[in-house]
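Both complexes shown next keep chain A, but they swap its partner, so chain B is in the first and chain C is in the second.
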Partner chain A sequence: MKGYRRYFLNKALWFLVTLVCAFILNFFLPRLMPGDPVAAIVARMAQGMSNATGVQAIYQQYTELFGTNKPLLQQFFIYVNNVLHGNFGFSFSFYPRTVASVIKSSIWWTICLQFPAIIVGWLIGNTLGALAAYRKKGFDKVLMPVSIFVSNFPAFGMAVILMVVFGVGLKWFPTSGGYGFDLIPNLSWKFIWSVIVHYQLPFWSIVLIAIGMQAIGMRSMAIYELNADYVKYSRFMGIKDRKIIRYVFRNAMLPQVTGLALSIGTMVGGALVAEIIFSYPGLGYTMLNAIMGGDYPLISATTLIVTLMVLTTMFLIDIIYAFIDPRIKAAQFD
Partner chain B sequence: MKHMIRQVFRPGKFLFGFILFLALLLMTIVYPLIIKDAPLAIIGRGTFFPPGIYMNVFDSIGSPQYTLMLDDAAANRIGSKLGNAERLAMKEWLVADGIPGNEIDIANTEKLIEQWENNYDPAQSIAGMTYAKQLYYQRLNTSLQGILSIEGAIIAGNNPESGVLEESNSVAQTDYVNIREVPNVRVLPLGTDNFGRDVLTELVSALATSLKIGFVAGTVATLIGLTLGLLSGYIGGLIDDIIMFFTNIFTVIPTFVLLILISFSIGQEHRGAFTIAVVIGFTSWVWTTRAVRAQVISLRNRDHVNLSKLSGHSIAHIIVADILPYIASYVVMAFILQISSGILMEAGLSILGLGPKTTEVPTLGLMMNWAMIYQAPTLGKWWAYLPVVVTIALITFSMNLMNTGLDQVFNPALRD
Partner chain C sequence: MFANKKWMSLFTLVIIASIGLLVCAAPTSVTTLPRNETLYSNGQQWGPVVGWNPYSSSMNNAMAVTQQDSARVIMFETPYLYNMVDGKVYPLLADGPYTWDAGQTKITFNLKQAAYWSDGTPVTAADVAYTWDANIKYATNAGNNFKDYILSVTAVDAQMVVVKAKLDADGKALNPLMVAAYLSGNYVIQKAWTQKLEERAGGDATKFLADTAEDVVYSGPYHKFFADDTKVVYVRDDMYWGQSASMWGKLPTPKYLAHVIFKDNAAGSVALAQGEVDVSQQFNSNIQVLWLNYGLPISTYLPEAPYGIGASLPTAYYNLKSYGLDQLAVRKAIAIAVDYPTIIANAMTNQSATFDQVPRSLMNPTPGEQALYDHDAVNDLQWAGNDIEGAKKLLDDAGITDTNGDGWREYNGQKLSYVATCPNGWSDWQASIEVVAAAGKKIGIDITSNYPEWSVYQTVVTTSDAPLPAGYDILMMWSDGAGPTQPWGRIRHLLSSEFVGIANNWNGNWGQYSNPRVDELVQAIPSETDPAELKEMYTELVKIYLTDIPSFTLMYRPQSFHAVNESVWTGFPHQGDGTSPPVPPLNLTDGWSIAGLYNLTLVNP
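And then the complex of A and B:
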């Protein structure tokens, strides 16, 4: 058990160090941007005002409110303190909403879109990949080039093509938004149906690419395992083919499970593009708006959430793996 | 060496990917030699001209005229103005006006137009018809004027002295010009984009820029990754600890997030294509470092390396002569993948509005960004975005095919 404790402490320390580094990068990088976003907001608010002192007063009030008049280092400590209390400050571009409320309203859209898409893509992709490795011949000859091509397809290209074919051409599904623009979110059947219809295109654009990627990974893993010595040995022993295949695919699954965990962790960052193309009201679309509006509190917060999710997943994978596969823990201390 | 090259080119995958890549590369070299227009020159006044051959109308009037008696000319002329949709719309109006539906035969052009001319009145408003629809009928009516006449058109010019219109020429319906005798003909194989620029010329230039971006990003990433991996793996000790500290940090911070933050902090004004490429390179060296380090660690205690050490060779010599040849195949494969992911990352950044600044050179991502901002997909202007998507897909596809092909050569377990 001593080995485990040392391993976990080591991992936890790394988790903290990386988190601090990521946090610092998250705070300082967007603020290094040339130009004054507060001035841009004030210019928008003060449109048509001719009184220079009035504009000056508004500017003063906003810099006070957003805290941009203090030195950067002091701002950083105030920010750290606020974040620890769950307060990310005001959003510049969505003012008077706070960053926390903007993110709270968008993150569920992203999770509900990506989580099922990743699971479905992973299941279909792995089944196809395993079949390709086992059947070979014609199935493999057709499936492999297709999946290589599909998985190399840029995510936005897939999204655009689905949108043109099914949204603009066949008019089966709407091309943008998370629900009908004439509806207010509520629990009526009409609203739910509208959400389901709007869901389809972003969902499938993510699933298709995931299928291609998983199929390639699973195929090469399965081929590798099928050629392993234990398979030949089992054949000589006269063990039934079906049973061997069960072993083979269980072994080939292990890296694929890591892949699944990783893509769940990175999901918020993974398909920003699909959200942007379909104007889906999730985190990616919020990030786009934040970038367009020079809204660095919002950018910091969105990237921080993405980073935090990835870090946590990696940490959990490390911990769980140490139990599943003791060799990994041992390898750390060579 | 000769044997290795032959082996690399034997699997079909590598060869196919290589040929595809070479074809794209050749296009970026040959095309600008033939067509020397500036890629960002705005030639069209208006957005999204469809692909086709554009012939100057003014010049075609002055060109030698030939008379061809073609039977289907009149039918084609009417057909281009009066499609099935227009016929149905006309019937709809006439029915709304009070003519019984069974008296209207939309297949009989002559009778339909006669009925239309007798009954249509632009001033008359039909109950429940939107203003837009009314305008549509007015436009349709104008375009139908004189559609059945067999008269030619008269070309008149202003007399500069008296200011009176004078007939200078007339064009009969059977007159043709030879397109090779019209001095100004412009072929726009992919039409124009939202700014009125020739899409094909722009696309080729964008492809060249994107390949350069990918190449620079790949080179930067591979060089950093290789150097750090070699140092960390071969020298070990404190240097190894420091390098692995940074590598571990950058492994878990998502690359794309880092890329967004850095590009954002550079600011729109300072983002050139080269800067973006270097930034992409600086954010994607991590996996190369890890893999190179792992391989170097397993190599550094091999007998031939120890022999080299005993012979008193310098570290540089050992690395170049005894270690690099063993990891070269891996590094080349990683380099190819870095190029293709660099191209994809540039495109992703540009779609977010964080790509290179827009005034100097087009890139594939920027073209995609422009097409999306001007809503080319919803307007059905396929020539503005589809060629870009296909080009990006072809590049990454060819790179990955080459990579898989090399993998099969150097990684015998994967061979079927």
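And then the complex of A and C:
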């Protein structure tokens, strides 16, 4: 048990060090981008203004309000203090909305689109990959080329094809929005059905690509495992195929699980392509705008969430691995 | 194995939980917007609405809170409505036309007796005066924009308002155009509600302008119904004062105005084609395809190209400090060599008049502005483009030739090499810049293109207190559209040297041109009332502009794009639709175009 404690402490320490470094980078990197975000706000405000001193007044008012006229280090300490109090401040590009309110209004859309898509893509992809490795022959010959073809599709290409074929052409699914253009959110079957129908194209545009990628990875791992010595030995021992396959796929699954954890960790970054093509609400497009507009507080907050989620999932995976496969823990201290 | 029951249950659970979360995240209230009571727009609202505060410019509430030359008046109202088609203003809250006093020092107008707020109290002159005072006190955009020209706004009695102008040395209004423009471009906001807001903000200007004003009192025909990340919906106020005979005599036809928030033009265009949008303000590439090829009931203000009325002049500015661009021959050669028909065909998909149809000047293509200068007097200065031989001859005559045989011309031994630029992602502008670069190559001037991100571009271009840096030799920016101060405002922004030396110059003259005669004329025009004199002054300005060429217009662009789908509603403004005064193609929200909301009828009642 002593080995485990050392392993956990080591992992926890690295977790903290990485978090602090990421936090500092999250603050400074966006601010090193060229461009002046306050100028963008002034651009919005000054539309139709013909008075030069008036524009100057607005500019000064906002540099003061957002503190961008202060030295960077001072801004950092103010930021640290605010974050410790749970305050991410105002979003520059959505002012006077706070960062928290911007994230809150779109994060659910992102999670609800991304999480099931990641899980479904992972499950179907791995199942198909495993079947291809096990059954071989016709199944493998058809599945593999299809998987390679689909997984190499650029995300926007897949989204546009789905939209043109199933939305514009066949009219099976709506082409844009999170729910019916003529609906107001409410707890009715009509609304829920509308959400489900609007969900389909963005969802499958992510899932189809994920399936192909997962299937390819799983197939390679499974083929490698199927040829391993323990499989041959098990066969000599007369162990049933069904049981052997379970061993095989548990072992083949390890790298896939790491990939899954990473995908879940970064899902808050949003499904940018699906959001844009299908005008689907979510954080991806919000983040893109934040980056384009130099919205430092919003960039820092969203990247901090992504960082925290990735670090946490990786930490948990590390911990779980230590139990699942003690060789990993042992390898760390060799 | 993997596809066993356990996995299937987990999968189903995940899907159900996700949808459940989504539904729970959304507020619960009302249900469906009846299609035959709802008018759908696109192209106005980008990103979610922030709030409803009419004093603030941060509400990102495009349909309800937009004070401009043709202010959007569905929720808050202005004393007058500007009509870009005939260039006149028409009373809204005001009763009859405004009058200047003999000495041109103040404007007087009355408010309609019938006008009242959404809380039932009358709209009074005290509201108008208090709005101005608040604009100044809290340094709103309206205050900042007009404080140099307006001294005070006072209430004489419940109905009469006096707007005193700031005076020049001769005792006349410093800028009568701007004083009058305040009346059609800025809202009247209720005094009592403003006081409530002030109390809430505790006198803090930042809090005052950041308040989202969910409790705001308004006088317009629509107000908030619903807003989230995907759409904003306004509902008609059936108690709206404007149904009085002294104004519209009835309520606007649609009960709801809805705007779905699209992420880009492509999504909006698909929705327009599918009949989910009735009025489209966005750029729909090759709009004519929708009715010519697909037979959809979609139309524009004009049945043929350019489909709309051009109002603004997207312009390429020369950085006059760049090596060689201080030479007129170089500036003129590039400008006359550009293939404008290609720009108009490719970048605008012919949604702009050509320079053969509307020869270049400083005026937009509206008949009102075109009549303001003497066309014959500047005829020999105007060019339609694609004049490669003329450009080469001009450069040869100026001694700007290729002296070392490398294929590029030199000026005083130094190669003429420039970067033409505009923001990245502004596809129609980028297409235009490519055509400018191509023109340079045809005449032996090396022009390359570069597209910085908007966040960088705007910072550089608007820094007019220093010379523009390398990489900004020819840069594209906008010019003013149609409005009560035009074309004076546009000319000022294109040419006036008052913007040179400004640290945050969002006004214009980004190439930093300076000409004392231009400044003199720009200062004199607002006070000039004699039409003949005005025409002479404008003609002189056009002559100077086409002679000095500090910048050049690349295309004409409408005030706002305007395409309509008549699957559900009909009666939209079209040229020659018989409306009097004519309803402008401004999406039934801006200035006098709101009159169009009263003309709509259902295709299938």
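Here is the rule we go by: the second predicted complex is superposed on the first by the 308 of 334 C-alpha atoms of A that agree within 3 Å, B and C clash if a C-alpha of one lies under 4 Å from a C-alpha of the other, contacts with A are read in each partner's own complex, and residues count from 1 in each chain.
Rule of thumb we're sticking to: a residue touches a chain if its C-beta (ideal position, glycine included) is under 8 Å from a C-beta of that chain, and two chains touch if they have at least 3 such contacts.
Worth saying up front: this structure is predicted, and the values here are computed from it rather than measured.
Q: A:Leu311 in the overlay: touching chain B, chain C, both, or neither? Say first, second, both or neither.
A: After superposing on A, A:Leu311 lies in contact with chain B but is clear of chain C.
Q: In the superposed arrangement, which partner chain does A:Ile223 touch: chain B (first), chain C (second), both, or neither?
A: Only chain B; A:Ile223 stays clear of chain C.
Q: Looking at A:Met292 after the superposition, I want to know if it touches chain B, chain C, both of them or none. Which is it: first, second, both, neither?
A: After superposition on chain A, A:Met292 lies in contact with both partners, chain B and chain C.
Q: Counting residues of chain A touched by each partner, does chain B or chain C come out ahead?
A: Between chain B and chain C, the winner on chain A residue contacts is C.
Q: Report for A:Leu201: first if it touches chain B alone, second if chain C alone, otherwise both or neither.
A: The answer is neither, since A:Leu201 touches no partner chain.
Q: Let me test your reading of the model: by the given contact rule, A:Ile276 touches which partner, first (chain B), second (chain C), both or neither?
A: both
Q: Have a look at where A:Ala132 lands relative to chain B and chain C in the superposition and call it first, second, both or neither.
A: neither
Q: Considering only touches as defined above, state whether A:Val168 meets chain B (first), chain C (second), both or neither.
A: After superposing on A, A:Val168 lies in contact with both chain B and chain C.
Q: With both complexes overlaid on chain A, does A:Leu25 touch chain B (first), chain C (second), both or neither?
A: first
Q: Of the two partner chains, chain B (first) and chain C (second), which one does A:Ile103 touch, if any: first, second, both, or neither?
A: Neither: A:Ile103 stays clear of chain B and chain C.
Q: Following superposition on chain A, which residues of chain A contact chain B and also contact chain C?
A: Correct list for chain A: 33-35, 163, 167-168, 175, 276-277, 292.
Q: Tell me, which parts of chain A touch chain C in their complex?
A: Contacts found on chain A: 33-37, 39-59, 61, 65, 94-97, 105-106, 108-109, 111-112, 115-116, 119-120, 123, 126-127, 130, 163, 167-168, 175-188, 190-192, 195-196, 199, 242, 245-246, 249, 275-281, 285, 289, 292-294.
Q: Residues of chain A touching chain B in their complex?
A: Within the complex, chain A touches chain B at residues 14, 17-18, 21-22, 25-26, 29-35, 136, 148-149, 152-157, 160-161, 163-164, 167-168, 175, 220, 223-224, 227, 266, 269, 272-273, 276-277, 287-288, 291-292, 296, 299, 303, 306-307, 310-311, 314.
Q: What residues of chain C sit close enough to touch chain A in their complex?
A: 1-3, 7, 10-11, 14-15, 18-19, 21-23, 25-35, 38, 40, 47-48, 50-51, 56-58, 60, 67-69, 139, 141, 143-148, 178, 185, 205-206, 209-212, 226, 228-231, 233, 258, 260-264, 266-267, 270-271, 274, 276, 453-456, 458-459, 462, 485, 489, 492-493, 498-499, 502-507
Q: State the interface residues of chain B toward chain A in the complex, per the touch definition above.
A: Of all residues in chain B, those touching chain A are 248-249, 252-254, 256-258, 260-262, 264-267, 269-270, 340, 344, 347-348, 351-354, 368, 372, 377-378, 380, 382, 385-386, 389-390, 392-393, 396-397, 400-401, 404, 413-414, 416.
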